[in-house]
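All chains are identified by letter, namely A, B, C, D, E and F, in their written order; residue positions are counted from 1 within each chain.
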């Protein structure tokens, strides 16, 4: 069969999709215009389909494809074959009827635009599913039906049942959707393409592949959840809290049929195996029986119809599962028939509900008197459901019975299938009878909110059309749906459809006998319903909603328990885990280290080093021993800092020694400032077990780090550093290589580093700005503070030292490029000198004397450093390219000017600004000079 | 010499991490400071140890690796900035929550033991 | 134009600095106009950089003219420019949202915000591992300061945890860098990659420690289990625009793992090839699982969004663990999608919590929202996106990752976990949505209409979701090229594209 | 007393001089470039910091100052040997004491210098100055005669200081 | 190096070391805080002076130019040591540290603490 | 001779540092500990000077100068802390 590219096929999907937006705009023009406008685009789409129909009936599949996401195997790809055509008629045709019906069903309070938008969205999704020629695209539309049905079911979102029902439907179909996705991906992987044509052409490949059972199961999970097959059937009755047009559409004709469609679509590649038979037919059979049985006991009209739908879907599934071609044809036929009679039944139920205010069959009685016309329509449809001759339901049921007789996969138990099918049919008759008798006859209505009457004229039109179809198909099957059934079956079977005759009369045969049995049995069951009801009342009615919610709830609670146990909000635990992880990462590779000592010659030990080590180790341990006495810990910390600086000095890093020293003092001042506001000592909090655990882990990490450090120190290394030494003077213009690296080779790091400092200062300022903190009036031993806030000697000496300190910082700054020093250290010296003034004199004394905006200083510093770096752009060099030259002036002699100095000035200013912003403002916390949050503008 | 150096780094690391694992902000800050000493020494060690080799041209015969020194300088500055922030954060936490526990509240267990401790004394 | 690669770092930095100086300082109005203008310019610059790098090949920017491995070089390849563009887009959204008033709850919002963007962009662009550390610190310190923006007990508490953990992380970072320099002797990642193969056995063991310790560091930033505990409460406590911007922060960790562990410890690293992979598999799976459990357990939308971040991290890590071009490409697509979507979700959560009175965004019955419809639409789009339902971008990323796993033995773990996590998210989000929007008691009061700016910000971020699907073709083409570039060590080698210049 | 005169360019001439000298000390040089730079700094830094200096009586007598300094240095050296002996000896032989020295000078800077001198010299440490600046409390390591010690402090150090500061 | 210079430097070094040591010894062994305060503030200062002068001479000789910048350290120490001692004494009095029993005029420390006249 | 002198002086300074550490541990009061720390600062200046002479370099002079300047600030700050709690008021 040739496929012809057809550019208009896309519009079949696009038109409804665009139509989704229409009601949102036309809602304001009134109900009729809104309804009409909503119908236009789907109708147009249907017309397009009808125009294509001829080609399809002629055996020409229509295809259209556009590239979309090739790396995912996703193309925008459509095809129209017989199966699609059949479904499109159902979706668009019944869809249009539902649009009309809903016009009268919805009350003035309901948002019509929203409803139609959801409905059309759903319709588009269904159209998309049935026309998709790409597996992933099919899945996209599949999921879209889940989403839009969620919106439709929860349309009356203020009702708890609506929300829960919608959620349940979404969860179940969503889960199925994920399974389907996995299945489709597997199939795509087997075939090497997600193109449906390719997939359908490779049935044998798929069936023989090792992952076939998994792929089959996953795809069927998708189909069964969507089509409410046992054990996933429970969501469907709860979806009945949707407005009735939704039920008529989604739960009879379309969405639940999506699963059936999926089975039909993949019938050529997945069916035909025993596994398929076992899963599909048994699931179908169980669903058929269960649905039919429960339907009888539902007092809610829509509940009855819902379980009836489940039962009929089971029937169709069973047919597909039988692995017989005629059965598949029967299944397709029953899809049509079920759609027509069930949609009309739902609509009738909706009319009854709408006009009487109740759906409870215990209250609804004798409606024949009040709405004879509607009653007639409903009774015809119900009889079709029961499979009464002359109605379409009878035809497909006959085919069904005959197919149940033609299978033998269950071996000697195969006889059970026709028997159980008959039992199911009997119950089907029984609940149909109940629907007819209990609602339209059976005495007078009880306590109805409204007096029932016939509905508006046009509300009946959709029902009339559908019931007429039931009759016409039932009487002239071959003329009405013969061709359609043929092309659809052809699409499913992918070859010539086996001979079947669509006729009312096939002579006296076993299926007819089974039908008769079912009729009689159904009547008997209904007649004796009181006993059955009594029997059934012994069982607690298990509400699926409660079970489902219960399961979800317990999952949520379990999750919460897990989360609260693990995420207990204890930082100590988080750090402990972090350290454990670190330990694992650090220690395990070390197991590969055969020996710790490398080949690098070691430096002999000397006494000074030992002294330093003793000081360092003892002090470090002292901070641990006395960590609860904070001031003490602080003093020992200072010792550690001092020794570290000395170590840098010893190991040839004078710049580091200087920096470490100045940072260390600034840190101590900072910690002292903060300690004032914090408890001075704390109780023993950690249990001994925790302490030893912590000690163990930190000790082990210490061992790991120490080992690595030793191994590293004793291993020879060649680095890129020779370059720096070689180019420091010639390329960077300075003899202090470390400084040249900082301001030139790796000036970018330095720029980042001063930015960090600047940001930290801003952050601190931000922290302080909103701080309201308690100021202790006594020290930790209860002593009142000394009465001398500004000791005179300290004041005198501090202010005398200030110019000296500034001089030293200029000295350190200027020499940095060539010998140890530089902007950072100079900046810290300046800041500490100024802080010393604050300590000695206090904020009030300082305030009139220092009028620098530290914030500007920070910004200015970073700006100068950046501007210096950007300056190189004007010489067509990259950012941070430095410049230096030597000049000589008479008398003064030769001197160097370098852009790096300017960069370093930026560093200096930022450091001063940042440190002062932090420390000086922290000091102001307790005075009247505390920061007031600036009001803007 | 290398062994002693590595040992000191190990001790500092141990002490630092142990204090970081404590429950009070100030102690944690002390721990972080110790840890940053350890880190700086360690990072410095990546250039190996050298005596009399300051990387100032013309001052030594052989130069120590200047690059780790520059890295450590950056690390020191950043460490200082971070310490400054976390110290003030500790204060802010005390101000906002009324205690200086890292979790913003004293664990129930501790409160109990403290009461019993008081009772005993 | 030759300076284009450094502009994503310089622009926000200078913008921040200028905002601290007169005439911009102390005027929130001026801050807003200036900051938004700069951010729009930044978006344009980033896009230009991306196109340049895409069409003309990787752009190297050699700072100070010092050739790598001696100097620091910025590497603007497809991956880094993509991340930079992503950052500026997210930042623009978050910033617009903040301009509606949240920026006024404390000081320095805009400068700090700019500094954070600078740090993130720097981390993405730099080709030097120590410079990466520096930019990590820039973005961290800015994030610390931003986290307390707005004040309040919760923020303070979350900040304490966040800051201390990250400080420990920074220490470990430096330990790792020390080890790497101490064994490899270089800092330029490309140069390290070349040298790491040649290491002796002794050095290898040490370098491996360094590489694995980096996993700890990046894992902490990325919120990889068991280092993720800080994330939910931190993100939930942050003010909305900050939380939205933080959506990129975990991605910095993910990016770093991707960059460092495919460049330095990639397939060509000899004995040190793929050292993190045996760890990454289980950790990624558990992260994803815990994220999903967290999503189920979340009692409020902000926590849900935060846990969704963990889910996305777990998913990304799985893709990285696969070590395939296809998987990396999928990860990159997923990264763009999840960053913008979770960012938007944080903003939406804020809108919701401001309209529900004391209930805020918790999943309890509360008064009806004033503008439930418009927020509802935004939420619906965001929810579909994060859950991975078509037709929005989530499903593309998920399918790409699932597809990438085909043919691997680990598929038996990857597929079920990813799919079930998706289901858990679906369950949780549908519960969340129905509760927040539909379970209401009492009518709304205090009608304060939502600022249009906020809606525009959310729309901006959300618009990415359909666009990513619509233009899925070009986007995935780009991500696969980026992935190919990342995996092909020779193609991205710094030396091949460098003109052998002077100096 | 006289406060020091204020010049616009040289607010603290003595400071400037000290800074200039210190600059040369620091750089170990008298190169012309450094002379110029030193001069610049010696003028610039006091201009910057003059705000942070309280008014204090100025040094009037350079010679007396020099004499005082030399005397103190000598005392320090001698005193230290004494203290060294005291430290090394058994501490049982110590006779420590607190004493209060009445002060005649009133200004903060001279008092500070006096107290510093006392601290640097034999066996005495200035512990406190009373709030009214009338008394200097001194801790003595090994007191032999209280009155003599007080007299010697006043005579040896306070008087020259009063002379130097003309107060 | 010339013998005399070497001798002077060596003597100064040993002397300096000795004073530094005695200062610390005093700190370690003297019986109460106030007596301990004397050691470091004075002996150490002198010791440092010796060492710095030794360094001055040594560097001047070795480098061939006058190295006087060590004087600056001495200057700093001379200026700051008394203030340090003063501040420490204040803290000791504030904490009312135990004073050696045989100290005369112990009560003065109370007056001093309050900064009142005796 | 000179090298012997340097060694002797260094040993003396190292011993001093150990003595300082001992006082630091022993206390008993906070002032004792601060005093010990301050002495340690000064003794480390001595160590640096000796180190400079021993390795005949002037590179470490600034370190000594810095300790002299900043050690004082630190000690003063600690004393102020004990006296007033609040460093800057």
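What we mean here is this: a residue touches a chain if its C-beta (ideal position, glycine included) is under 8 Å from a C-beta of that chain, and two chains touch if they have at least 3 such contacts.
Since this is a predicted model, take the numbers as computed values, not measurements.
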item: Comparison of B-F and A-B (more C-beta pairs in contact); value: A-B
item: Central chain of the complex, centres being mean CA coordinates; value: C
item: Rounded Å distance, chain A centre to chain E centre (Cα mean); value: 71
item: Centre-of-Cα separation between chain F and chain D, whole angstrom; value: 23
item: Geometric centre distance via CA averages, chain F-chain A, whole Å; value: 61
item: Intercentroid distance (Cα basis), chain C paired with chain A, Å; value: 16
item: Contacts with two or more other chains, residues of chain B listed in rising order; value: 16-17, 20, 25, 38, 40, 42, 45-48, 51-52, 54, 56, 59-60, 67, 71, 74, 78, 81-82, 85, 89-90, 92, 102-103
item: Contacts with two or more other chains, residues of chain F listed in rising order; value: 10-11, 17, 30, 34, 59, 65, 69, 76, 80, 82-83
item: Multi-chain contact residues (two or more partners), chain C; value: 130, 134, 137, 141, 144-145, 148, 151, 160-161, 164, 168, 175, 178-179, 181-182, 187
item: Touch relationships between chains, expressed as pairs; value: A-B, A-C, A-D, A-E, A-F, B-C, B-F, D-E, E-F
item: In the complex, chain F residues that touch chain A; value: 10-11, 14, 17-18, 21, 24-25, 30, 33-34, 37, 40-41, 44, 47-48, 51, 59-60, 62-63, 65-67, 69-71, 73-74, 76-78, 80-89
item: Chain F-facing residues of chain E, complex; value: 1, 6-7, 9-11, 13-14, 16-18, 20-21, 23-25, 27-28, 33, 36-37, 39-40, 44-45, 47-48, 51-52, 54-55, 58-59, 62-63, 67, 69-70, 72-73, 76-77, 80, 83-84, 87-88, 90-92, 94-95, 97
item: Chain F residues within the chain E interface of the complex; value: 1-2, 4-6, 8-13, 15-17, 19-20, 22-23, 29-32, 34-36, 38-39, 42-43, 45-46, 49-50, 52-53, 56, 58, 61, 64-65, 68-69, 72, 75-76, 79-80, 82-83
item: Residues of chain A touching chain B in the complex; value: 569-572, 575-576, 579, 600, 602-606, 609-610, 613, 616-617, 620-621, 623-624, 627-628, 630, 633-634, 637, 640-641, 644, 647-648, 650-656, 659-660, 663, 666-667, 670-671, 673-675, 677-679, 682-686, 694-695, 697-699, 701-703, 705-707, 709-710, 712-714, 717, 719-721, 724-725, 728-729, 735-738, 741-742, 745-746, 749-750, 752-754, 756-757, 759-761, 763-764, 767-768, 770-774, 818-820, 824, 914, 918, 922
item: Chain A contact footprint on chain C (complex, rising order); value: 2-3, 6, 10, 13-14, 17-18, 20-22, 25-29, 61-66, 69-72, 104, 106-108, 111-112, 115, 118, 122, 130-131, 134-135, 137-138, 141-142, 144-145, 148-149, 151, 160-161, 164-165, 168-169, 172, 175, 178-179, 181-183, 185-187, 191, 201-206, 208-209, 212-213, 215-216, 219-220, 226-227, 229-230, 232-233, 275, 279, 290, 293-294, 296-297, 299, 326, 329, 384, 389-391, 395-396, 399-400, 402-403, 406-407, 415, 419-420, 422-423, 426-428, 430-431, 434, 437-440, 472-473, 476-477, 480, 503
